[in-house]
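The structures come next, written out as structure tokens.
One chain, chain A, appears in both complexes that follow, with chain B as partner in the first and chain C in the second.
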Partner chain A sequence: MKVLVHDPRGAFAPSAVAVSPLPNSIAGLRIGVLDNTKERADIFLRRTAELLAMDGASITFTRKSSFSRSIASDTFDQLRICDLVITGLGG
Partner chain B sequence: MSCSLRDAGMLETAGIPTITLSNDAFAPTAQAIATMLGMPSDYVAGRFVWLPHPTENLTSEQANALIDERIGEIRLALTGRRLSDRSNRGVSTNDPLSLAMEVVADLTSSLRKDGATLELESYADGVLSGRVTISTVCGDDGACLIPTQQLERMVEAILRPHLPDLRSVKLNEGLSP
Partner chain C sequence: MAFLEFADEAEAAEEFIERYSDGLPVVLPTPARVSKLLSETSRDPDATLGVMMPRGTPVTVRDVAVNAVMAGAPPGVLPIILTAMEGVLDERFNLSSVQATSHGAAVLVIVSGPLTERVGMNAGYNVFGNGNRANLTIGRTVRLVMTNVGGGAPGLTDMSVQGSPAKISFCMAERLDVEGWSTLAERQGAPADATTVTVVAAEGPHSVADGRSTRPERLLTNVADGMRTLVTMNACKLGWMVLILSPQHARIIIENGWDVPRVQAYLFDRARNTLARLQKAGEFDENALARFKQFASTSDPSRGMPVIDDPEKLIVAVAGGDAGTFSSLVPTWPASIPQVRVVA
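After this line comes the complex of A and B, so read on.
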């Protein structure tokens, strides 16, 4: 008689994240900015947004409640209509 | 960093490409977390724009000037024309413990900047053991930067391609005085 023994240790196998293609140019893009609330993030991101707006992008600025939280659903809904998102500061 | 990458993963999955501005001291952490989350190996290289550490002590004028200086790189990242070579360095030893130490050296250095130390102590029967000592807590809500269980998974993820026999990573946690 065969005895089947299962290894209970499991394996680390994250499911692959599908990455979205980047646009070819900035002009005309709807760019979402996600401030994660880390120190000075708003200053870096607002200046970035200003400069990209000069390139012809329209900007939607959003802010998380805390950098240690995931994006709230209402913030995510604001970003969902964007072509691309810039976030920061990672660290 | 962990939440920023989770956010990016959520947005990417929803069809919205995401670029992250980040402090360059955390490049190894970003690479480890991206690997753990199942992102492509070149994700961090292509989608992160690095700002020189530290950034929190800059005045508004200095922060604006830094972005003015980096906007060209940000534009290239937004349009997919930039790829850095921060990740995927080679390793130079076959001893499993030495190899593991070498592979996680950047991560160890990055953790040290956050006030934590990571020491790998032994490798036996596919189990890599070590110790993590945490001295700082970040966030108003008391959330730790990297919980030990998550750190174990990060170390496992970045070592897996180099140590095919690796079964698990066990880190004992301690608090420094």
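After this line comes the complex of A and C, so read on.
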């Protein structure tokens, strides 16, 4: 006999999101960098940004107020116009 | 209102353990079970309690009831669970961070007031442990909502390095029968006979063993030593901490004429680290140094920096069995502000 139960995920309605195609070249791209403020993340991310800039990307370097806080909306607005965004995870 | 359909109960049970549980079996949330539990509250089942991150899903009263059925909640506890969820969903609790952090933060639910006795919660022996359905299912429901509705998936969005058994369920009731002691609900300003729920993003409990002290000063000096350990997030980031006194330890304090504000002031004053000691902490950084200088600017720097921002940020309650000289300290996740609500 079939069993009907509530979905415990509530109004969860997953939708497929297409992964953006990888660029062939980063020359001329706008690359955003988000420092998540984890220990030494800024050192790694700034060096990464320097190397990408040498390859012709224009860099927008941003920083969260704290790794334990959500990104500020004005920081998000700076990043949303970029072609690629780089950030860190964990620490 | 969304439903899932399965070929039979066995298939549903397996699917729920694999996809929607904490790893343990759950009670299937059939429409009849959910309706019965919802009849315990006058709230509109479709009312939204808030939006839960990281998935950004609205959490309804019904969603909470569905997960409470799954957790095995007994009659009477739904109002407590709904109140806890309101606290967790408050922006100041910063649930997004609590869900995602690599720290082992769990959600401690402290319930204080007469409703705890009416619904059969445990405030006595093994208060943090196994053996009481109400305590365990309140805490378990909070976690199930966080994973199922909020999307806090271990290893995907919940990046806790090691987690904690407290992340399965972490709920306690306060003793209401300790003569000479003001309950947490009373000190929180709740109306007489009201019950409060306090939610705290916290580590699991750390035991404070002291079978020798007979004076508050000596007992609390030992507690202070526990508080000022360098390995919690409190050491460098301060914030809040929870002290759950055993009844026997509480009697030492009460019988010597001390009250909770005096306990808080005493511990705020003594649970401190000097700069030389603090610099050895694994989380010491420029922000910790700035905090130290801030405290040093208003008091003698040789006395060090406390592990909480001010005395009232030590949440003190009494729980546990009558006999025994073990209390508990509960360090917190400092990016979250504990929330207090009166059960409606």
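In the analysis below, the second predicted complex is superposed on the first by the 70 of 91 C-alpha atoms of A that agree within 3 Å, B and C clash if a C-alpha of one lies under 4 Å from a C-alpha of the other, contacts with A are read in each partner's own complex, and residues count from 1 in each chain.
Here is the rule we go by: a contact is a pair of C-beta atoms (placed from the backbone, for glycine too) under 8 Å apart; a residue touches a chain by one contact, two chains touch by 3 or more.
This structure is a prediction, so every number in the text was calculated from the model and none was measured.
*Asks:* Looking at the overlay, does A:S70 come into contact with chain B only (first), chain C only (second), both, or neither?
*Replies:* both
*Asks:* Go through the superposed model and pick first if A:L89 touches only chain B, second if only chain C, both, or neither.
*Replies:* Both partners.
*Asks:* Between chain B and chain C, which one contacts more residues of chain A in the superposed model?
*Replies:* After superposition, B is the partner touching more of chain A.
*Asks:* For A:H6, decide between first (touching chain B), second (touching chain C), both and neither.
*Replies:* After superposition on chain A, A:H6 lies in contact with chain C alone.
*Asks:* Touching A:S25 in the superposition: chain B (first), chain C (second), both, neither?
*Replies:* Touch partner of A:S25: chain B, not chain C.
*Asks:* Answer with first, second, both or neither: which of chain B and chain C does A:L79 touch in the superposed model?
*Replies:* Only chain B is touched by A:L79; chain C is not.
*Asks:* Who does A:V17 touch here: chain B (first), chain C (second), both, or neither?
*Replies:* first
*Asks:* Show which residues of chain A both chain B and chain C reach, each in its own complex.
*Replies:* Shared contact residues on chain A: 9, 12, 39, 66, 68-70, 89-91.
*Asks:* Spell out the part of chain B that touches chain A in their complex, as residue ranges.
*Replies:* Contact set of chain B toward chain A: 1, 3-23, 25-26, 30, 36-40, 43, 47-48, 51, 53, 55-56, 58, 60, 63-64, 66-68, 71, 74-75, 78-80, 138-141, 143, 153, 156-157, 160, 167-168.
*Asks:* Can you check the complex and tell me which residues of chain A touch chain C?
*Replies:* Its residues touching chain C are 1-12, 39, 66, 68-70, 89-91.
*Asks:* Which of the residues in chain A end up touching chain B in this complex?
*Replies:* For this pair, the touching residues of chain A are 9, 12, 14-26, 31-32, 34, 36, 39-41, 43-45, 47-48, 51-52, 55, 64, 66-71, 76, 79-80, 82-91.
*Asks:* Going by the contact rule at the top, pick out the chain C residues touching chain A in the complex.
*Replies:* 1-9, 11-12, 16, 20, 28-31, 34, 53, 55, 57-60, 62-63, 66-67, 69-70, 94, 96-97, 101-102, 144, 148-149, 151, 159, 285, 335
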